[in-house]
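See the structures that follow.
Next come two complexes, and both contain subunit A; in the first it sits with subunit B, in the second with subunit C.
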Partner chain A sequence: MIVARTGNEAMAEAMRQINPDVVAAYPITPATEVVQLFSKFVHDGLVDTEFVPVESEHSACSACCGASAAGVRVMTSTSSQGLALMHEILFIAAGLRLPIAICLVNRSLSSPINIHCDHSDTLASRDAGWLQIYTENVQEAYDTTIQLVKIAEQALLPGIVSTDAFIISHGMERVELLDDKEVPKFLGERKVEYSLLDVDNPITIGGLDLQDYFYEHKRSEIDAMDHVLPIIEKVQKEFGDKFGRYYSTVDEYKMDDAEVAIMAMGSTGGTAKVAVERMREKGKKVGLVRCRVYRPFPEKAMLKALTKVKVLGIMDRSDTLSTLGGHLYNDARSILYESDARPLIKNYIYGLGGRDISIEEIETIYEELFDIQKSGKVDKNIVYFGVRGE
Partner chain B sequence: MAKLKELAAQEERFTGGHRGCAGCGASIIARQVLMAAEQPIVVGCATGCLEVFSTIYPYSAWNVPYIHNAFENVAATMAGVEAAYKALKKKGKIKKDLRFIAFGGDGGTYDIGIQALSGMIERRHRVLYVCYNNEAYMNTGIQRSSATPRGAHTTTSPAGKVIPGKMQLRKNLTEIIIAHEPAYAAQTTFGYWNDLVTKVRKALDADGPSFINIYAPCRLGWAYAPEKTVKVSKMSVETCIWPCYEYQDGKYRITVKPKEKKPITEFLKMQGRFSHLFKWKDDVPIKEFQAEVDTIWERLLKRSETE
Partner chain C sequence: MKKEKKGWKDLPIGLVLEAGTCKDFETGDWRSEKPIWDSEKCTHCLICWIYCPDSCITVKDGKIQGIDYKHCKGCGICAEECPPKIKAITMVREEK
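And then the complex of A and B:
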C-alpha cells in the first residue's frame, strides 16, 4: 500500500504492525507523536500491547528491561534528553542481553536547549552496547524499524533506529507499507531460553559480578557485538528478498568512479545524493558513502567504500568536544590507519541544533574536496561548517 | 492467622548461606515475606544491601525468579515484568497466577526511587513493594537518608561537636503512599512476625498496587550487638517509633497496640547511633523526636478504627 506518512507516523505504523507485547514510553519532542499515535492504537484496540505510560524515560527503559527479561517483545520511543535520562539503564539492558528496540528521533542535547536535529544524543550513548542504525528517509525508517526487532532478538542485543528531527520525523513522504499480516510473519514470535516468569525454573538476573567473573561476562557481551554484522546482513537480505527493498550496512552512492566523496549519516545522505547528481551533470565525478549501520561499525564494508577515493569529506552532525572533531571522522581515521590506501580527509562538523544543510552547501564542500585533490594537502583538518564567526 | 509450624515446614524460598551480617534485619524480612507468600512469586530488588549480599555471582539465595536492574528503578522494572505477565496472560500463553514483589531499602525507596514507586502505584500495577527500612544508606557505609530519624548519627550526619547528628525529622513515606490510594498499605516489623506475614498475605490478595514499609534494624548502622536485632525491632513498636498499622479501602487500623507506650529513650539507648544524644548539652534532639513520634501516634489513634 502506498501512502503519505511522516517519519513519526511511519515508525508508529511499523510498531502497530509489529504489535509488541509491551511498550513503555514517555513523550518527548520531536518523538512525541510516535508515543501518541501508538497510544491511540492501544485505545482503539488495534494492538494487543500492554502499554505502560511511565512517568519518565528512566522508568521507560527500566520497565522495558523488566518486560524483556520476562521474555516478551518490547519497544519504546524517545529522543535527546529522554535517551540521556535512559543512559544508565541502556548499559544494563545491553549487559543483560535484552533485545529492546527504540524508535528514536535524533535531537541535539542541551545545553543550549533546542529541539532540532543533530546526532549528539545517540552518539553520547554510542558505547552503551546498543545497535545503532541511522536512516535517510521515511521509507527506510519504516523498513528498518521492522528489521531491527528481528536483528535485536536474534543477536540478543538492544537496538536504536533513528530519524533526523523534523527533517524526517515530521517530513511527509511517499511510503510503501507492508501488508499487516506480512510483518508478524516476517518477525515470527520471540523465542527465549530463559524467562523471569518461569517460576518452575527460577533464575537470578542481574547478580553482583565481582573481579572473578565480571570480565568474562563483559567479554561475552563484546563478543555478541563482534558477531552481529552477519545477522544484520542476513535480515536485510531476507527483507529485500521478501519485500523488494534492499539495504546495506554502508550505503554507497556513485562511488565506483568517484574521485572525491562525502561520508555522512541520516537525512544528509538524501540531500547529498541530489548534490552528487548536480555535480555529475557538471561532469564532476563525486560520490557518497552513507553510514547506515553505525554500531557495530561495519569496518570492512566501510574501508572498501572509503578507499575508493583520493579525497574524503567527512560530515559529522555532532562533535566530540575533545579537539579531535566528530565521531565519524574519528572512526574513519581509526579504520584507515592500517590501510595502504589512505585518502586525504577533511572533517566538516555541520548542522548542530538543526542548522539547515542545503544541496548548494554540499556542492561547495565537493568543490573544496577537488581543491584538496589538486593541491594534495589539507590546510585545516577540522572545520565548523555553516557557523557564524568561523 | 499464620502458624509457625506451617511456616517452618515450607520450602525455603530465600535460603541461608548468603553474606548478610549476623543479625541482619533485611535478610529476616526477605525470608519472612517469601514465607508468607502463598502464590508463585517473581522478585525484583533495588541495588542495596539485600541485593549485594544475596546474589554474589555464581551464588544466589533466591529460589524464586529474581531480577536486579539498578538502584532507583525496581518499581519501574517490576511494572514492566507485571505488564509482560498481563500481555502473556491475555494471550493465554501463561496459565499460572503469579504475584510480584519488589524489594528496596529506604535509600532506593524514600529517596532515589520515590518517583518510580509513585508511578508504579498511580498506574495500578499489581506489585507488592516492600521497603526494608533501616533508616540510612547502609550498603555504602551508613549515610543519612530521608528516613533517618532526628538526632541519629550517620557518616553524612555525624555526631559532631557543634551538630549532634541529623537535624531533620523523618519523611513519612507510608502516608505519601497512602495518598496514592493503593489497594493496600501497611507498616510492620519482623519482631512481630505474625503481623508481617498477615500483612504480606493481605497485600498479595489485594487487587492492585500494595506497599509495606518494614522496619529493618541494622546491627552495623544502628550499632548494637547482633543478637539484639529482634529486641530492637520489638522496642520500636513498644515506643511507637514504628507503629504497626494498615490502610485499606479508606480505613486505618492499628494492628499492634503496645500495652504501655514506652518513652523513646528506651529504644534510643539500645543503639550506638543515638548514644551522643544522652551526653549532649540539652535534650532538644530527643524532645523533637519524641514530639514527632507522639504526634504521628495520636493522629493514627484518631484515624484508626477502634478495636
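And then the complex of A and C:
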C-alpha cells in the first residue's frame, strides 16, 4: 500500500504491525508522536501490547529490560535527553543480552537546549553495546524498524533505529507499507531459552559479578557484537527477497568510478545523492558512502568503499569534543590505518543543532575535495562547516 | 582442591544463573557486630523475621530457632525492631 507518512507516523505504523508484547515509553520531542500514535493504537484495540506509560525514560528502559528478560517482544521510542536519561540502563540491557528495539529520533543533546537534528545523542551512547542503524528517509526508517526487531532478537542484543529530527521525523514522504499480515510472518515468534516469569524454572539474572567473572562476561558480550554483522546482512537479504527493498550495511552511491567521495550518515545521505547527480551532470566523478549500520561498525564493507577514492570528505553531524574531530572521521581513520590505500581525508563537522545542509553546500565540499586531489595535500584536517565566524 | 573457573566461552549467555545463588555467597564475614538472640526473652512475634533484609532469622513451625551467621551481615535491624519491652536481641562487637 502506498501512503504519505512522516517518519514518526511510519515508525508508529511499523510498531502497530510488529504488535510488540510490551511497550514502555515516555514522550519527548521530536519522538513524542511515535508513542502518542502507538498509544492510540493500544486504545483502539489494534494491538495486543501491554503499554506502560512510565514516569521517565530511565524507567522506560528499565521496564523494557524486565519485559525482555521475561522473553517477550519489547519496543520503545525516545530522543536526545530521553536517551541520555536511559544511559545507565542501556549498558545493563546490552550486558544482560536483552533484545529491545528503540525507534529513536536524533536530536542534539543539551546544552544549549535545542530540539533539532544532530547525531550527538546516539553517538554519546555509542559504547553502550547497542546496535545502531541510521536511516536516510521515511521508507528506510519504516523498513529498518521491522528489520531491527528480528536482528536484535537473533543477536540477543538491543538496538536503535534512528531518523533525523524534523527532517525525517516530521517530513512527509511517499512510503510503501507492507501488508499487516506480512510483518508478523516475517518476524516470527521470539524464541527464548529462559524467562524471568517462568516460576517452575527459576533463574538468577544480573547477579553480582566481581573480579573472578566480570571480565569473562564482558568478553562474551564483545564476542556477541563480533557476530552481529552476518545476522544484519541475512535479515536485510530476507527482507529484500520478500518485499523487494534491499539494504546494505554500507550504502555506496556511484562509487565505482568516483574520484572523490563524501562519507555521511542519516538524511544527509539523501541530500548528498542529489549533489552527486548534479556534479555528475557537470562531468565530475563523485560518489557517496553512507554509513547505515554504525554499531557494530561494518569494517570490511566500509574499507572496501572508502579505498575506492583518493580523496574523502567525512561529514560528521557531531563532534567528539576530544580535539580529534567527529565520530565517523575517527572510525574511518582507525580502519584505514592498516590499509595500503589511504585516501586523503578531510573532516567536515556540520549541521549541529539542526543547522541546515543544502545540496549546494555539499557541492562546494565536493569542489574542495577536487582541489585537495589536485594539490595532493589537506591543509586543515578538521573544519567546522557552516558555522559563522570561522 | 581449587575449583576450576570457567572460560568465557563456557558461560551461559546474558549473565543467567540458576536461582537462589545467594546461599552460596557467605556474607557473614562482612559483619562487625553480631546479633545475640535470647530464647528465654523471645515471644516469637516474628517482627525480626519480617524485617531481616537477608532472611537470616531461621524459623520452624512459627518459632524462631536462631540466626544464620553464615549470611547475617550484622546490620542490627533485628535488634532495633525487637519490641522495647522484650529486647530479645542485642548487638555485640564481633571478636576475631
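The definition used in the following text is that the second predicted complex is superposed on the first by the 390 of 390 C-alpha atoms of A that agree within 3 Å, B and C clash if a C-alpha of one lies under 4 Å from a C-alpha of the other, contacts with A are read in each partner's own complex, and residues count from 1 in each chain.
Here is the rule we use: a residue touches a chain if its C-beta (ideal position, glycine included) is under 8 Å from a C-beta of that chain, and two chains touch if they have at least 3 such contacts.
This is a predicted model, so every value here is computed, not measured.
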For A:G95 in the superposed arrangement: first (subunit B), second (subunit C), both or neither?
second
Can A:S220 be said to touch subunit B (first), subunit C (second), both, or neither?
second
Return first, second, both or neither, reflecting whether A:D209 touches subunit B, subunit C, both chains, or no partner chain.
both
Identify the partner contact of A:G386: answer first if only subunit B is touched, second if only subunit C is, both if each is, neither if none is.
neither
Count the residues of subunit A touched by subunit B and by subunit C, then name the partner with the higher count.
B
Just to be sure I read the superposition right, which of the two partners does A:P27 touch: subunit B = first, subunit C = second, or both, or neither?
neither
For A:G353 in the superposed arrangement: first (subunit B), second (subunit C), both or neither?
neither
Is A:H58 contacted by the first partner subunit B, the second partner subunit C, both or neither?
first
Under the stated touch criterion, which partner chain does A:G240 make contact with: subunit B (first), subunit C (second), both, or neither?
neither
Of all the subunit A residues, which ones make contact with subunit B and with subunit C?
202-209, 213
Which residues of subunit B touch subunit A once you look at their complex with the stated criterion?
40-42, 44, 51-52, 55-58, 60, 62-70, 72-73, 75-88, 90-91, 94, 96, 98, 115-116, 118-119, 122-123
Flag every residue of subunit C that touches subunit A in the complex, lowest number first.
5-9, 11, 13-21, 25
Partner subunit C, residues of subunit A touching it in the complex:
95-98, 156, 193-194, 202-209, 212-213, 215-217, 219-220, 223-224
Within the complex, which stretch of subunit A touches subunit B?
21-22, 24, 48-50, 52-56, 58-60, 62-72, 74, 88-89, 92, 196-199, 202-210, 213
